[in-house]
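One chain, chain A, appears in both complexes that follow, with chain B as partner in the first and chain C in the second.
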Partner chain A sequence: MDSPPEQREIKTYYTTVDKVFRGFVSSAALFSLVVLILIAAFLLFRGFEIFADYGLKFITTSKWDIGNPEDPSTAVLGIGAMLVGSVLTAFIAIAVAVPFAIAAALFIEYYAPRFLRTLLTAVLDLVAAIPSVIYGIWGYVVLLPLVEDWSATLYKYLNWFPLFNVQTPIFGRSPLLAGLLLAVMILPIVTSVAREVYGQAPRDLVDASYALGGTKWAGIKTVVLPFGKSGLVGGAMLGLGRAMGETVAVYLTLNLVFKVNFQILASSGGNVASLIANKFGEATAYELKGLMAAGLVLFLVTLLVNFFATVIVNRSRKIV
Partner chain B sequence: MTTYQYTDVVPQPRRPWDHSRATALRVAVLVVLSGVFGSLLNSFTGLSGFLGWYVGLAFAMPLLAFVGSVKHGWNMATDRLATSLITVAFAAVTIPWVSIVVTVYQKGSKAFHAKYLTDDMRITPSSDLLQYGGVAHAIIGTLLMVLIASLIAVPLGILAAVYIVEIKGRFAKMVRFLTQAMSGVPSIVAGLFIYATVVIFFGGFSAWAGALSLVILMLPTVARTSEEVLKIVPEDLRSASYALGASQARTTFRVVLPTVASGLVTAAVLGIARVVGETAPLILTASYFVATTTSLTEPIASLPIYIFSSLGLGDDNATTRAWGGSLVLLGVVFVLFVFARLFSSRLSRK
Partner chain C sequence: MNNEIGSPEVIVPSVPADSGIVEDRTQRNAGNLEVSRRGGLEAVGVHAWFNKHHALADVSLHFPENTVTGLIGPSGCGKSTFLRLLNRMHEFIPKAAMAGEVLFEGNDIYAPGVNPIEIRRRIGMVFQKANPFPAMNIGENVVAGLKLARVKTDDKDALIEDCLSRAGLWNEVKDRLKAPGGSLSGGQQQRLCIARALALKPDVLLLDEPCSALDPGSTLRVEETIVQLSESMTIVMVTHNMQQAARVSDYCAFFLSDGGPGRLVEADLTTNIFSNPSDQRTADYVQGRFG
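Up next is the complex of A and B:
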């Protein structure tokens, strides 16, 4: 009895040209890895003295005082209030943007007429590319007076609620304003992720819901929304990362005050990125190291948020 | 024998999914009623202006839709409630977009004069009368830095995409993941990184440093878009090329990339649109200069910094200049997008 012949192993042999080509492309592709590592390494290198001096206190202290410019030992640097501000404004942005993003994504994907759908998808990409400095100047000139009005009304009727209370009823460049502006800024990206995920919802299940006599909303509620849940979470986290790293828009719409502030109507706050832009101009050598350290913290936090966001978004894409 | 009579009446297929005239009428009544409610609310409460009116409309419309159709049963009522809620919320989303474009146009056009695009601010303080000065220095600076950035980022981005799609190397997944992670790097961190390396090392702000910080922000967009584009190249083309004895390098450069050339142009243009308005990294790397210069080793102006620095002064003329710069910048972004669309539509027609 002959045993069946062994299956041949198929091997690819590359020519010299291809070996060079593959090596070249591979090394170019690793550029992003190199850059990410270099960013972390250099910010750590330049800001190392700060971490050595303050340790964890750097991210819990809420004070930025360079003391005597000649003598670094009199300085007290800490980005606690800025971290709180970053998170606070980013969460306001998410809380406002996500419901609207869901509605906009559903509208574009399931309610808009066909010609409008392609147009709106293009508009969404376009709006996402409007530079942040233009959002910033619009927020500063157009949105600021409006939000001042709304803040006054909120304060008048809801000041018993701790979030809407302030010591002195002066509203202006508050976390609410910055948060709303960030909401407008991240809406396109959250919407386009949500739209993409909702568009991949199994069409036959939606049709089945129609066939059972269900309404359009029934189909969306039972099929599309549950299907798109994880993708939406990923999109929202992408938006969160953007909102936390935003510099110029927050710089223009939020008063930089080094105090932990949860009163979203008070004109006091700041985020890590706007701190860097604000202090960079006339920073002393030691302060500059502090800014590098702050940049490293911001980099690591946004990288972490983006890491999870990317994992979630990719997983929700893979289901299809 | 039956004879068939020729008639003029051709039976039309019914289209039950089309909106009937009754539906259109219902929607029109709904919108008008909610609009009236909005203006009523405006006159009786503290709400005012377009936004106040819209808030009234946005509350009234879902409510009216629900109440008006509740006699048809709960399902119909919730469906119409959801439809009007979603529509109202979507329309609300577009309000800031329209507002941004309209405000930038209205306020920005005031800064324009005959030589706005060809003059610079060499002898004009920002608070000077609006008929002097211009944005030529900023446009040239932005062009220069974006050009250098594209020369570096576009090849690297396309190579990263080639690695993922063509070579399918061991790290393909990791490279894609890292590129996505890189797109989340805050722009100020990119600026800080270049400051910590290039600016400190070479001892000063320069166009080079600005361009390099833009590379970091541009690369992810280019890589991602090119990856999507390369994926649509039919496998047959590659097989045919290999069958003719071409190496992988030859196949990639002579078959795959030329096939999707217009798509790669789209990728480059989208990358440019992404970075042309970046402000934060340029504050830390290129700084600002009031005169037109093409030197790569000195501080250089750029549109976003022109806007940003004019805005910081608080003077009326300076603020109008900031809006003028915004109009130019927004125009540039819009034009880039139209280009990207044109190229990508050429691709899809193939």
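Up next is the complex of A and C:
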């Protein structure tokens, strides 16, 4: 029997222009990867002592006491409450923003007249670009009194529900306020992603549901919403990532208290990012390391959320 | 072939004798050209526009009850536009407009106060590309229309079997009704879409090139299905396949655009269109001289 012929090597020929361009684009792409790794390495390097001193206790303890500034061994640093605050406010934001985003996206894509559709799409992009400190000030000045009123009402009628109970009925800068503000802030990005996936729903399936005597709502329920489900989850995850990392807006609208707090009406909470902003200016050398370590934790959590968002969004694209 | 207007080569395309659908469809319905109001459908002076583009001009056509009418003509002559006008699917295209009347059982379906959803329930439609709902299994696809239209049924399983049988698909799928609709072959998917349309018990069924994406075997099955269905409902079918029009339809309507809006050139018994058309352009088209 004949042996198969030897395989030939196929060599692709690149022109100089190709090589230069290739080098340029690949270094640009690698640059962001390098920056990512450098930031992680920097945080790990600066915060390493903290992880060595506290281990997992750093994320389970809820105390931030630098003790004697001269003697690091007297300090107790732990971001448990801040992590809980990050997650709590982000989830309030998602729970409020996602239903609004779905409704807004469906309106823009399936109900709005053409001119309104163009206008709203542009406005959404514009709103997404407002600096977060502006949102923070608006939240403090406009939203705070409103939420105080709402909180009082919620407390009055629903205080049997653990989330809506407080020790002392003082509301103010609560996780609810911060969460609602974050909801407003992430609404544009979630709406934008939802609008895009809903717009990709196959026209022939929508037609099929109309041709079967379906109402518009029935068609949306049968075709558009199932089609956009995983894309929407991806959009929500992007919003979640942004809400967890938000600094200034939370700094202005949430009282920093080192105590794990699930009572969303209580004027107590904080998140990791606002902790860093709050303490950074006057931190001792050892405390600074703690803040770096907190930054690393936040960095990893945000990275993880974004990673899952990307996976989910990619999977939804494949179904198309 | 004796005809005075068409050329001597005009022949009705032959169909294999064993296909089971060779019966001369036109004879069965000969003399049925009279307007039948009950369950009947008629277009009166219909025009269609897309934005400023005048796509279809002054089409008047009557579809006798329990017959198959084939809409033929080259691409871009407005056949599909006309079809979509017949069950108010036209209005889903942005900036689409129309003029004239479409009479369903004598009533204009574009009259104010008419519920288009009710119209689409009674005038079903099957599209060029088979489009079963991907998130539903075969059985769910069949009754999807009931769910969409919020119609209650006493015996869902019996309805699924009945519709799939009438669509000629039951024997192929009866053991896997829980399989996703997308797992079927293209021809089976198209018959599933026909079954789905049948579940709403429509009086009229509109088919937009239902076989254009199918292989010859599947095409034959779908054609058989159409002929059987026409015993109990009015069928209007767009087709680019002249043999198919000859095999399946009782009446044929030839559409043509001379660069302007599409117009109806002539409509007649299918045998006449193929053997003895009154317009030279029809003769040229059905013989494949253009289009």
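As a convention for this text, the second predicted complex is superposed on the first by the 301 of 320 C-alpha atoms of A that agree within 3 Å, B and C clash if a C-alpha of one lies under 4 Å from a C-alpha of the other, contacts with A are read in each partner's own complex, and residues count from 1 in each chain.
FYI, contacts are C-beta pairs under 8 Å (C-beta built on N, C-alpha and C of every residue); 3 or more make two chains touch, one makes a residue touch a chain.
Bear in mind that the values here come from a model prediction, so they are computed numbers and not experimental data.
J.: Could you let me know whether more residues of chain A are touched by chain B or by chain C?
T.: Residues of chain A touched, chain B against chain C: more for B.
J.: Applying the touch criterion given at the start, work out whether A:142 contacts chain B, chain C, both or neither, answering first, second, both or neither.
T.: Touch partner of A:142: chain B, not chain C.
J.: In the overlay, answer first, second, both or neither for which of chain B and chain C A:114 touches.
T.: Touch partner of A:114: chain C, not chain B.
J.: Which partner does A:218 reach: the first (chain B), the second (chain C), both, or neither?
T.: In the superposed model, A:218 contacts both chain B and chain C.
J.: So, does A:204 touch the first partner chain B, the second partner chain C, both, or neither?
T.: second
J.: In the overlaid three-chain picture, which partner chain does A:226 touch, first (chain B) or second (chain C), both, or neither?
T.: Only chain C is touched by A:226; chain B is not.
J.: Using the superposition described at the top, list the residues of chain A that contact chain B and also contact chain C.
T.: Common interface on chain A, chain B vs chain C: 214-215, 218.
J.: Can you tell me which positions in chain B touch chain A when the two form their complex?
T.: Contacts found on chain B: 46, 51, 75-76, 78-79, 81-83, 85-87, 89-90, 92-93, 96-97, 99-100, 103-104, 107, 155-156, 159-160, 162-164, 166-167, 169, 171, 174-175, 177-190, 192-193, 196-197, 200, 216, 219-220, 223, 247-250, 252, 270, 273-274, 276-280, 283-284, 304, 307-308, 311, 319, 322-323, 326, 329-330, 333-334, 337, 341.
J.: Touching residues of chain A toward chain C in the complex: what are they?
T.: Listed in rising order, the residues of chain A that touch chain C are 114, 202, 204-205, 207-215, 218-219, 222-223, 226.
J.: Per the contact definition, I'd like the list of chain C residues that touch chain A in the complex.
T.: Residues 87, 89, 92, 94, 117-118, 120-121, 124-125, 127, 129, 131, 133-135, 144-145, 147-150, 193, 196-197, 200 of chain C touch chain A in their complex.
J.: Which chain A residues qualify as touching chain B in the complex?
T.: Those residues of chain A that touch chain B are 14-15, 17-18, 20-22, 24-26, 28-33, 35-36, 38-39, 42-43, 45-46, 99-100, 103-104, 106-108, 111, 122-123, 125-127, 129-135, 137-138, 140-142, 146, 153, 184, 187, 191, 214-218, 220-221, 238, 241-242, 244-248, 252, 273, 276-277, 280, 291-292, 295, 298-299, 302-303, 305-307, 309-310, 314.
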